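Each of the next two complexes has chain A plus one other chain: chain B in the first, chain C in the second.
Take a look at the complex of A and B:
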């Protein structure tokens, strides 16, 4: 009896995952289709760019500062034990530019912007504003979803560029304040060991993360059902889906790009 | 002149708002701890709380995050080993220390912190969404009217469940991460499993750090998320805002706690962690 219930649960879970993935793919198709004659509502786009990008700078900068400091805290003692302080920037910088920077910034972005966007879109959906748009012959995907997707992709890349820089500053600050590795050593260590490709590797990840966050947050926003409880559940589902897809994409991009 | 005035007013307003929020967060935390302590006395213990609530929360927070934690941490373990081996291959080509160093970092930092970040997303959002919807549908006021403290009734069981389950999921997640890393190193770089699964760099203080971090995150997530849920106002929009704030707040709490605990540990260990 227990076996039957477990199998039913697993099957139900698989079906609902397949349903959501399919829904996200269909929405992506609709977004791409809406881009074919590229006519985007400029005012909505600028509004979203400002709301999603400029207003996330403080939280992203703080996260990046701590992330850079953390990498330095973890790698610093080891590097010092080996007596190779010149390599301090290599270990921290490499980890920050390729992995920790893009992932942590994307996770914070998904919490700040993706969840917010789901909350906003799902509130519009449950208060039937989307149906109102449809009644006025305005395609909600074209008017609401497309500008948001573009804004999130552009702004996550821009924020990752800022965040990478701030994280390297954080690593330098921690190195000189807690580990007695002076700033000039750190600077030369960064400059000698980090290649432009490391930076581009991280940026290419954040393009994909931005698309994943945007699509999952818009999908759960427009398909929500049932009042305030539904909105909470949609936001929860959107951040979980974004986190899973960030990890999966990270893995595949790392393998493909090397 | 009026430009400066509005600026100064905005700064002052932000400062006041932040300190008020900090005070409320502190009160929720104190209330939770007081609720747990009160729970030990038989007269007040879990007054009005439905039977089996703690078990239900343990299930909702722990068991239902299991797949999520295994998938995300498994993949990130693979990525981290891949990047580390790739870089080592370019510099020295000696993979003999990858596994032991990876395990040291995993136990003292990455395992608890990444599990904490993932749980902050999954569990924090869930708690805030649930409590926020109760707040805007006036169920919290109904609780107060029947003489039940909302913090006792709602946050205490979630707090206990989250502390217990974060520790367990962190142990599980770290093991998955380590195993996934070992498999990647073996199949992509030909590192022998017996060289990779090498426990010689782990010391007692790393394990202490692991447990301290997991407990700290487990305690921070429900308090921050519950606080955000209780502050929800308005209707569905308010619930959305509360959930967003909970995700941000609890993820940020994890990062800041990680930094503080790591720095303190570094000082206590005299730079030899």
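Take a look at the complex of A and C:
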């Protein structure tokens, strides 16, 4: 039988989740309001675009290269067995563009950029830097959160585009090196079977994932309490929230968009 | 006399912990008021209330002639540009250099050229003894240096009201005296009103006109700074002289279940 304590824990957990979701919605509203009129600190935006995007290219490219290769390794032997090598590129490309590319890159981005963003913002919060900004009549949401949200959303899309291309290269390399499917067959398989919609489907996911990572990492950063321990907890919560959001969004976007 | 700060009947609590209870306080225009009290007696919270960074649960706060309770952040912008604040933990922006930190209020306020800002920042950094540290990041500074950067930032815009939360914490006695001399000279030059919180009562008493004693969330004494060591209140005398024996109770803060706070003297 479920005890009172268990029920209280479940209820407490549900209330806590509702509070966080509500907090993220409120922060999202503040971000949107801060964009009207769109006056963004250019220096902060450029700094964040560089830090979050450019510096993530190597790790994203590496991940995508192996993800593409892996898709080829999984699907290649079957299409060869069925004598349908012309579909090998399609099988790998379809999975990469619509699913594996956006989701893997988003999770990598969340771990690298989202966690770093939460750590930075929460450290600024516990050292009263946000209060310092407010004391100087500067809105921390406008000055710190908005450029980070824009940078994360823009850069996750850009990284997904790069990642998709690298993953297709990875699939081609593995196909020709390990499965004896030559590069031109792979190229024609991609070109003939993959549609622009497959690519756009993945990109639409990365826009949603970028928003989820940005909002959760900023929310847990600016609402942190309790010094260094609080910073650790905030980073942990932000990464978990982003991962759960990515999975949920992926399911619903796939379900609704087909 | 016009009051720069007028706090009336302010209450503030965090959860069950009562931080301020029915606090009323005034700082006249061009006057310097010192605020002392044991640790966790609500001094920093009071400073933040004046700047609108915290909102009271009850009571009114008027700053530079404007009521600030219940106002939205955006409505407090113009008022905050007229206030300079030194935070207890510096609150320096770690993504900016020393020079950029000090220049920040002037850049955000606008109305000055880059050259004018550079000259003003250099003058402030010289005044606090940090010439040559312009390009350092705040992470490279000692606690005392950070405090001096905070003072330079709080005073760079010649605000009408300046709030100093522990301006001498982390500074050696000679630097403390230099800093207080600088703050006094600045105040005379600008005519600003000052609210200063400090644990260094001796140095503070030389700087301010009056001192108020905040104890367990209440102002229990206010009197001339020059005679603070001989105040009528045994509580204040014990605190200022650092005596172990006396009515001062440095125990944990009151909670909502403890009933109204009364000073030990009023209990007798």
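To be clear about the criterion, the second predicted complex is superposed on the first by the 256 of 258 C-alpha atoms of A that agree within 3 Å, B and C clash if a C-alpha of one lies under 4 Å from a C-alpha of the other, contacts with A are read in each partner's own complex, and residues count from 1 in each chain.
Going forward, a contact is a pair of C-beta atoms (placed from the backbone, for glycine too) under 8 Å apart; a residue touches a chain by one contact, two chains touch by 3 or more.
Everything quoted here is computed from the prediction, not taken from an experiment.
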Inset, instruction - Please work out whether A:127 is in contact with chain B alone, chain C alone, both, or neither, and reply first, second, both or neither. - result: both
Legend entry - Which superposed partner A:240 touches (first chain B, second chain C, both, neither): first
Inset, instruction - Check whether A:59 is in contact with chain B, with chain C, with both or with neither, and answer first, second, both or neither. - result: first
Inset, instruction - Using the superposition on chain A described above, determine whether A:28 touches chain B (first), chain C (second), both, or neither. - result: neither
Inset, instruction - Could you tell me if A:204 is touching chain B, chain C, both of them or neither one (first, second, both, neither)? - result: neither
Inset, instruction - Using the touch criterion from the header, give the chain among chain B and chain C with more contacted residues in chain A. - result: B
Inset, instruction - Using the superposition on chain A described above, determine whether A:81 touches chain B (first), chain C (second), both, or neither. - result: first
Inset, instruction - For A:254, decide between first (touching chain B), second (touching chain C), both and neither. - result: first
Inset, instruction - Kindly classify A:137 by the partners it touches after superposition: chain B alone (first), chain C alone (second), both, or neither? - result: second
Legend entry - Common ground on chain A, meaning residues reached by chain C in one complex and by chain B in the other: 123, 127
Inset, instruction - Could you pull out which chain C residues touch chain A in their complex? - result: 48, 51, 53, 73-74, 76-78, 80-81, 83, 85, 87, 89-94, 104-105, 108
Legend entry - Residue ranges of chain B touching chain A (in the complex, touch as defined): 67-68, 71-72, 75-76, 78-80, 82-83, 86-87, 101, 105, 108-109, 113, 117-118, 121-122, 125-126, 128-130, 132-133, 136-137, 235-244, 247-248, 251-252, 255-256, 258-259, 262-263, 266, 271-273
Inset, instruction - Write out the stretch or stretches of chain A touching chain C in their complex. - result: 123-124, 127-129, 131-139
Legend entry - Residue ranges of chain A touching chain B (in the complex, touch as defined): 13, 59, 62-63, 66-67, 69-70, 73-74, 77-78, 80-81, 94-95, 98-99, 103-104, 107-108, 110-112, 115-116, 118-120, 122-123, 126-127, 178-179, 227-233, 235-236, 239-240, 243-244, 247-248, 250-251, 254-255, 258
